[in-house]
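What follows is a set of structures for review.
In the two assemblies presented below, chain A is common to both, partnered first by chain B and then by chain C.
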Partner chain A sequence: MSNKTLTRRGVLKSGVGIGAGVALPTIFTASSASAFTNEPTGSSVTLGFNVPQTGPYADEGADELRAYELAVEHLNGGGDGGMLGTFSSKVLDGTGIMGKKVQYVSGDTQTKSDAARASAKSMIEKDGAIMITGGSSSGVAVAVQGLCQEAGVIFMAGLTHSNDTTGKDKKANGFRHFFNAYMSGAALAPVLEKLYGNDRRAYHLTADYTWGWTQQESIAAATEALGWETVENVLTPLAQTDFSSYIAPVLNAGADVLVLNHYGGNMVNSLTNAVQFGLREKQVNGKNFEIVVPLYSELMAKGAGANIKGIVGSQNWDWKLENERGDKYAGSNAFVKSFGEKYGFPPSQAAQTCYAQTLLYADAVQRAGSFNPCAVAEAMEDFEFDGLGNGPTTYRGADHQCFKDVLVVRGAENPSDEYNLVEIVEVTPVEQVTYAPDHPMFAGGALGSCNAGA
Partner chain B sequence: MFGLDKKDLTLLLVVALLTLLAPFILNPFPTGSGLAQFNAGYPDLMQRFVIFGIFAIGFNILFGLTGYLSFGHAAFLGVGSYSAVWMFKLLSMNIIPAIVLSVIIAGLFALVIGYVSLRRSGIYFSILTLAFAQMSFALAYSVLTPITNGETGLQLTLDDPRILGASATADGSIPVTNLFGLEMRSAVNMALGPWNFTFSAGYYVCAVVMLLAFYLAIRIFRSPFGMMLRAIKSNQNRLNYTGLNSRPYTLAAFVISGMYAGLAGGLMASMDPLAGAERMQWTASGEVVLMTILGGAGTLIGPVLGAGMIKYFENIFSKINDNVLHGWFAWMPDGIEDLTVTLIHPFIGKGWHLTLGILFMLVVIFLPGGLVEGGQRIMRLFRRRKATEDDQTKAKQPAE
Partner chain C sequence: MDAILVQILNGLDKGSAYALIALGLTLIFGTLGVVNFAHGALFMIGAFCAVTLQRILNLSYETVDPDKTDFLGQPLKVKTPYVESWFGPDVGAAIIDWSVPLAILFAIPVMLIFGFVMERGLIKHFYKRPHADQILVTFGLAIVLQEIIKANFGANPIQTPAPEMLSGVATLMDGVVYPVWRIVYFCFAALIIGGVFAFLQFTTFGMVVRAGMADRETVGLLGIDIDRRFTIMFGLAAAVAGLAGVMYGPINAPNYHMGMDFLVLSFVVVVVGGMGSLPGAVLAGFVLGILESFASTTWATTTIPGINQIIIYLVAIIILLTRPRGLMGRAGVMED
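Let's turn to the complex of A and B:
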C-alpha cells in the first residue's frame, strides 16, 4: 500500500534535498589544471630534503640536513648569505626563489631504497614538494632519482658517488654535483704510484651495492693501469658492522695493499678492524702493508680516530681548501664561516655538496623564470659557474654530472684538533678527471626526456 | 547476499564503504591548517594502507586461524614484488599478468617452505620460517644479484624488452604501470573549499583487490575448512588422535596466506615498479606480526586496522620534526616552548618506533584482543544488550 499524501514536512525535506543536490557540483571546483607537478601557486615553495637519519650513513645525513637548513635560511635572506655572496651567478637576491619564500619538509631515507621512495613520494604527493634532494647512498639516490623522473619533479642528488647515478641509471630530471668513482680513481692513481710504486698487489673489500661495485671497478682499472695486480675483490653487505672475518684472509692472499671500498659507518668499522689486526705494521713482499680508502670524509676520519693517520683517499671538497689552495676555491671560507657560526664546527663535504645543490637549483629556477622541471633542467644543463667552493665547475648537459677539481687527501699524522684530521695532499685539476659521456663505465643508460608530470 | 550471513555482510559493507570513501575520511583537516600534518589521504599512503591490509589479512588466515606463527612472511611479499617487476621488464606494463605471476610464484615458494617448516609446530616452526626468510633475504641481497639487483633494488630501465609493450614511450621515458590503459599513477584532485581530496586510480585498484581479498577471507573463516583450521589452533594433538591428518590443512592455510602476501607484493610493485631486498628482511616479517596482534589476531577486521595504524605512524609521525613542533608551540613562552619540544622530541621523527612501541605495549597489556577488543568494549558501554550476546558466544567456545 503506497502512501502518496503530500505533507508540508515531506515537501520541505525533498525540496532541501534536491536543492543541495543541485548546488553540490558548484562547490566542487576542480583544482585548476597545472602545467607541471606541484606547481607552486601561493607565496611559498616547498623543497623536500630526504636524508638518512638512521642507518650506517646517519652522520652524513645529519650534516646534510644542517646544510639544507642553512641554504634555506640564506635563500630567504637570513644569516650572512653564505656562498650567495661568492656565487658567480647573481640572480638570487635573498627573497626566496622567484619571490616565493622557501619552505622545506624533511624525511628519513633509512638508507633503504623502499623507505627512501616512500618518504620522497609523501613529500611529492602530500607536501607538494617541487624538488627532492638528498641521499647518502647511491642505491637510494638511484631509486629516488627514478621516482622523481616518473613523478615529474627535479632531483638534486646529494652524496652519491656511484658511476651509475649519472651513468647507467642517469635520468633527465636528476642532477649530481658530487664527484664519482671514476674521478676518484683518476685522481688517486698518480698519487698512489708516487707513494707506493708500480708493483703492488691489491685486495678489495667492497660494499655490496651500486656504489661499491662501480668504485671497485674504477679503482681496479686505474691501479691496474699503473701495473698493480688485483688479488681479490670481496663483497660485504651494507648492513655489516663487524668486518673481522673479512680482514683475516687478507694477509693469506699475499696482498700488500688493502682497498676499502666502504663509506660512513662501514668504513669506520672495517678500518678499525684492519688496524686492530695489525695490518699496518705488517711487511708483505718486502713492502709496508698499506690501506687505501678511495672515498673519504671528515666525518669518517672523526669516527675512525687515530686509525686514519696516513691513509690516502679522495674528497669532493674540504673546508680548508680556500685557506690552503687560494682564491680559486672562493666560497669555501664564506660557507665555513656561516656554517660554523650557526652550528659551531666546520661543515663536511656532504654538507657542502647539498648546500651547493640547493643554491644551484634555486639559481636555475630564477634564471629559467619558471619552476617547470623542464625549464629548470634546460637552465642547469651545460651551466658554468664558480664561487661555490670547488673552483670553476661545469654541469655537463650530456649526463647531468658536475666536472670540477678533485682532492686527494690523507689522514693527518699529528692533527692539531679534531677538525684537522684530514690534510690535502693534492688537488687534481678537472682536465685529469674528465671522461667522455659514453665512457664504458658509464654506458648502458639514457637520460630520456625531461618529465614535467601532470 | 554473497553467501554471507547478516553480520558478515554488514562488516563487508562497512569495510567497502570505508575503503571507497578513504580519500575523504583520511583527509579531515583543511590543507592550509596546522593539523594538515596529520592528513593521511595522499595516494602513496592510502595504497600502503590497503596493500599492507591484504598482507595482514593473509597472515591472519595462518596465524589467527591455525595459531602457527610465521616469522618469515615478508619473504613471500618480496618474491611477489620481484616477480611483478620482472613481468614489467619482460612482458608488459599491464598489472594483471604481473599480479597473477606474483601470486603464483609466492604460492610455489610457500608450498616449498611450508612443506619443510610445517614438520614442526610452535616455536620451532617460527624459527624455521625465520631462517627461510633470512635465507631469501640474503639471496636477494647479494647472491642472486643478477636477478634482484641487490641493495640497489630491481628497477625498470629504458632498454627492457617488454615484448607486449613498448620499451620506451614516444617521448623517451619509461612507460608507467597501467590496467588496460588506466595509468596507476593518474589521480584526480578535487578542491572542496579549503579541503583538497585526491582520488588515485592506483588506490582504487588496490582497494577493489583488498575488498575481494577480504571477502575471500570471510568465506574461508566461515567455511568448514576454516573450522578445521580453528580446530588445529585449539588442540592439534586431540585432532591428530581422532585419526585426522592435520598437515594438509596447515599446508593449505600456509600456501593461501603466502599467496596473499604475494598479491600484496605484486600490488606494491604495480603501484611503484621497484623491488628492494629490504622488503624481505626479518623486520618486515615482524611488522606484519605486530599489525595482526595490534589489530586483533583471529578477527576479520583487526589485521586491516593494525596495518593502517602502523603505516600511519611510520609515515606521519616520522615526518614531524622539531621545526613543526616549534610551529605548534610557538604560543608558549620561550623557555617552556623549548622544554616542551625537548620532551616530545624523542617520540617523533626518527623516534616514531618508540611511540609505536609504547602504544603496542599498552594495547597488549590492556587490550589483549587488539584494537578490535577496544572497539568492542566501547560498543558494550553503549549497548548493554550486545554485551550479553557476546558473553553467550564466548561460552560456546570449546574448553581447552
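Let's turn to the complex of A and C:
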C-alpha cells in the first residue's frame, strides 16, 4: 500500500504541469498564426514608403510619395477611387486592406544604399511596416530588397530599371512592376532600325554602376542583333558633372550614334554637353549623327530642356497613353484625373508604378486573405491583371517581374506645354519584350524561399 | 592632333571654372585667413541668380485658349511673358534669350551684398577661432544654402541656355569644332581674372589689401581700417564665384549640388597653387583642368582604369611632396 500524501505545494505543481501540457498545442497553434513579421493586430495596417526625399532624385521621390498618398487615400475609400474603378481585380472596396485602415510611414533613401537600408529597417522595426516600397535607383532597390528578404516583409520596388533587380539579385519577397533594361533594348531596337537603319556605329557612354552596366549590355545586344556595331563603351563615374572630356573623343571615333546610358542629372549633363559639341548637327559616314537615351523620364526631359527634342528612348508609362492609344490602357486617365486634380500636374511614370505597386500589394493581401508575406507572394505570382494603365500585365512567378507593353518615346519638337515634352512613338507589345526566366542577362541568382520572418 | 587640341580646350574650360573659384577662395584665405568651405555654395548661388532672373523674365499672365485643352481636358491656359507684352514679342523673346548674360548685371549686386552679409554676420566671428571651427561653420553654411536652394528650386537640374547667337559650335580649324559658349566662358574667365589682378595691382585699394595680406598688423598700425577693406574683398570674392556660376549655367544645367561638386577640387587647386597665392591658384586651376581633361580620354582610362578619378589628387600629392608650399606658395602661410 502506497503511502502518498497530498500537499498543497504538490497539487499546485501538478496543476501547473498539467495546465501547461494541455495548453501546449494551443500555444503552438497561436504562435504559428502570428509567425510573420509585423502582423497587424489592431484596426490599421502600416505601409512603409521608402523614397528619395533628399539627394539628386528628390523630385522623383516627391512624385512617388504623392502617388503613394493618393493610393492610401483610395484604398481607405477617399477621393474618386482612381484606378480602383478600372483595376480588373475587384476585391478592393475602399475599406482599407482586409478591413484594416491603411496608414503609412515614409523614409528617405537619399539614393544611397546604406541610408535606404537604414530607413527601411527603421520602418520595419520601429514603425511596424508590413510592406516596404519605393526608391529611384537600382542600387537602392537591390539593397532594400535584400533587407526585406531577411526581415520577412514584402518589397514592392519603385523605379528600378537594372536587369539585376529581377535577375541575379532577385528575391522571393521582392516584386517589380517597372520595366527593365532588357525590355528597353527589345522595344527600342525595331524602332531604331526603322528610324536610323541597320548599318550604324554606336558609341556608348555608360554610368559606372549596376544599372548602367545592364542597360549598356542590353542595348548593345539588341542593336548588334540589328547589324549595328558597338564602337566603344566608356564607363563614366556617377559623380561626373562635365562630360566634355568624354564627348570630345566621340567626334573622332567614327561613330554615328551616341547611346547615353545615363539617368537623372548624369543624363541631363551628358546630353547637354553632347548637343553643345554639335553632335546633332554632325554628319558621319554619310548619315546624320543621332543620340539615343534608352531610359527616359518626364522629369529628366524637363531638366534637359530643348536638348531633348527628337531624342528617342523608352518609358514604362506615359500620362497620355490612354488618350493616344485607346482603352487597352484603361486606368491611365483615371489615375491622371485623380492625381492631376489633387496636385495640379500630370503624374510621372515613377508615380504610376508606385501607385500600381501599392494597389497590387493590397489586392494580393485581400485575395490571399492574409498579410503573411508568403501568402501575399503566392497570390501575386503569375497574377494576370489589367486596368492599371499599362494594358494586360502578368506578374511572372519565376522572377517576380511584371510583363507588359513598353513605350518608345521621343522628345517633342514643339511641345504645346510643359507637360507635353515627350511624345509616344510606338507601344511595343509585351510579346516582343518577354524573355525566358533563365535568359543569360538575368542569370546567376535565385528567388530562394519566401521568408515570413518572426 | 585634333583630339589633343579639343582636350586642351576642354582643360582650359574646366580650368577656367576651377581658377575662378580658387581665386576667390585664396583671396579670402590670403586676406582674412579664413578657410571658406561655403565658397562652392557661392558659385552655386551665382548660377541660381541666372535661374532666378530667367524666371523673373518669364513671369507671365494667363489667357485661355478655348481651342486647346490641358491634361485634364479643360481649356488650356496659355502663358505670355510680361516682357513680351511690354516690349513686343520679338524684343521680349530676345530679352529672355539673353537672360544669362543679363544675369551678370543681376548677380553682381546680389553676390556683393550676399558676401558682405555673410562676412559681417557670420565669418567675422570666426577670425580668431581655429581653422577647424572655420571649416565646420562654413561647411555647415554650405549645406544650409544648398538645402534652401533645393527647397525652392527642386533637386533636378534647371536649364539656363546660352543666347541663340552664342550657341552651337565654332570651327577653329579644319575638322576641329568647339562649343561657342565654352570659348565665351574661357574669355570671360580670363577677363575676370585679369580684372581682379589689375584691381589689386594698380589701385590704391588693391595696394593696401596686398600690404594687409603681407603684414596685417603693420598696416593697422598705419591707421588704415584694413578690416573694412577685407570685408569688401570678401564681397568681391563672392561676386567672382557668383559670376563664375552665372556663366557656367549654359555649360551644365544648374542644380543645388553643383557647388559641392566644385568645392573639393577647388581646394585642391588652392593647395597645389600655394595657400594665399593668387597667381598660384590660377596656374594650378588651368594645369589641373587640362590634366583632368586628358585623364578622362578613352586612351587614358583604358591604359590606367580610374585615372580620371584620381589624377588631380595624384598630382597634388606629387607637388606637395616636392614643393610643400605648392607651386607659388609664400613662406609663412599656414606654417605657424
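Everything below uses one rule, namely that the second predicted complex is superposed on the first by the 420 of 454 C-alpha atoms of A that agree within 3 Å, B and C clash if a C-alpha of one lies under 4 Å from a C-alpha of the other, contacts with A are read in each partner's own complex, and residues count from 1 in each chain.
The rule we apply is simple: contacts are C-beta pairs under 8 Å (C-beta built on N, C-alpha and C of every residue); 3 or more make two chains touch, one makes a residue touch a chain.
The model shown is predicted, which means the values in this text are computed figures rather than measured ones.
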**OP:** Quick one: on chain A, after the overlay, do chain B and chain C clash, or do they fit? Just give me the call.
**Re:** fit
Original post:
Does the superposition put A:N252 against chain B (first), chain C (second), both, or neither?
Top reply: second
Original post:
Which partner does A:M441 contact after superposing on A: first (chain B), second (chain C), both, neither?
Top reply: neither
Original post:
Is A:P237 in contact with chain B, with chain C, with both, or with neither (first, second, both, neither)?
Top reply: both
Original post:
A:Q276 contacts which: chain B (first), chain C (second), both, neither?
Top reply: second
Original post:
Touching A:G107, do we find chain B (first), chain C (second), both, or neither?
Top reply: first
Original post:
A:G139 contacts which: chain B (first), chain C (second), both, neither?
Top reply: first
**OP:** Give one of first, second, both or neither to describe whether A:S449 is in contact with chain B, with chain C, with both, or with none.
**Re:** first
**OP:** Quick one: classify A:A118 as touching chain B (first), chain C (second), both or neither.
**Re:** first
**OP:** Please provide the least distance in Å between a C-alpha atom of chain B and a C-alpha atom of chain C in the combined superposition.
**Re:** 5
Subject >> Residues on chain A lying within both footprints (that of chain B and that of chain C) >> reply: 54, 235, 237
Original post:
In their complex, what parts of chain A are in touch with chain B?
Top reply: 27-31, 53-54, 105-108, 112-115, 117-119, 121-122, 125-126, 138-139, 142-143, 146-147, 149-151, 164, 168-169, 172, 208-210, 235, 237-238, 444-446, 448-449, 451
Subject >> Residue ranges of chain C touching chain A (in the complex, touch as defined) >> reply: 2-3, 6-7, 10, 13-14, 68, 70-72, 76, 150, 154-159, 161, 167-169, 177-179, 181-182, 251-253, 255, 257-258, 261, 292-294, 296-298, 301, 308-309
Subject >> Contact footprint of chain A on chain B as seen in their complex >> reply: 39, 42-45, 48, 141-142, 145, 150-153, 155-159, 168, 171-174, 176, 185, 188-193, 196, 198, 272, 274, 276, 278-279, 315, 318-319, 321, 323, 349-350
Subject >> Touch list for chain A against partner chain C, complex >> reply: 54-59, 232, 234-235, 237, 239, 241-242, 244-246, 248-249, 251-252, 264-265, 268-269, 272-273, 276-278, 281, 299-300, 302-307, 319-320, 336-337, 340-341, 345-346, 416-417, 419
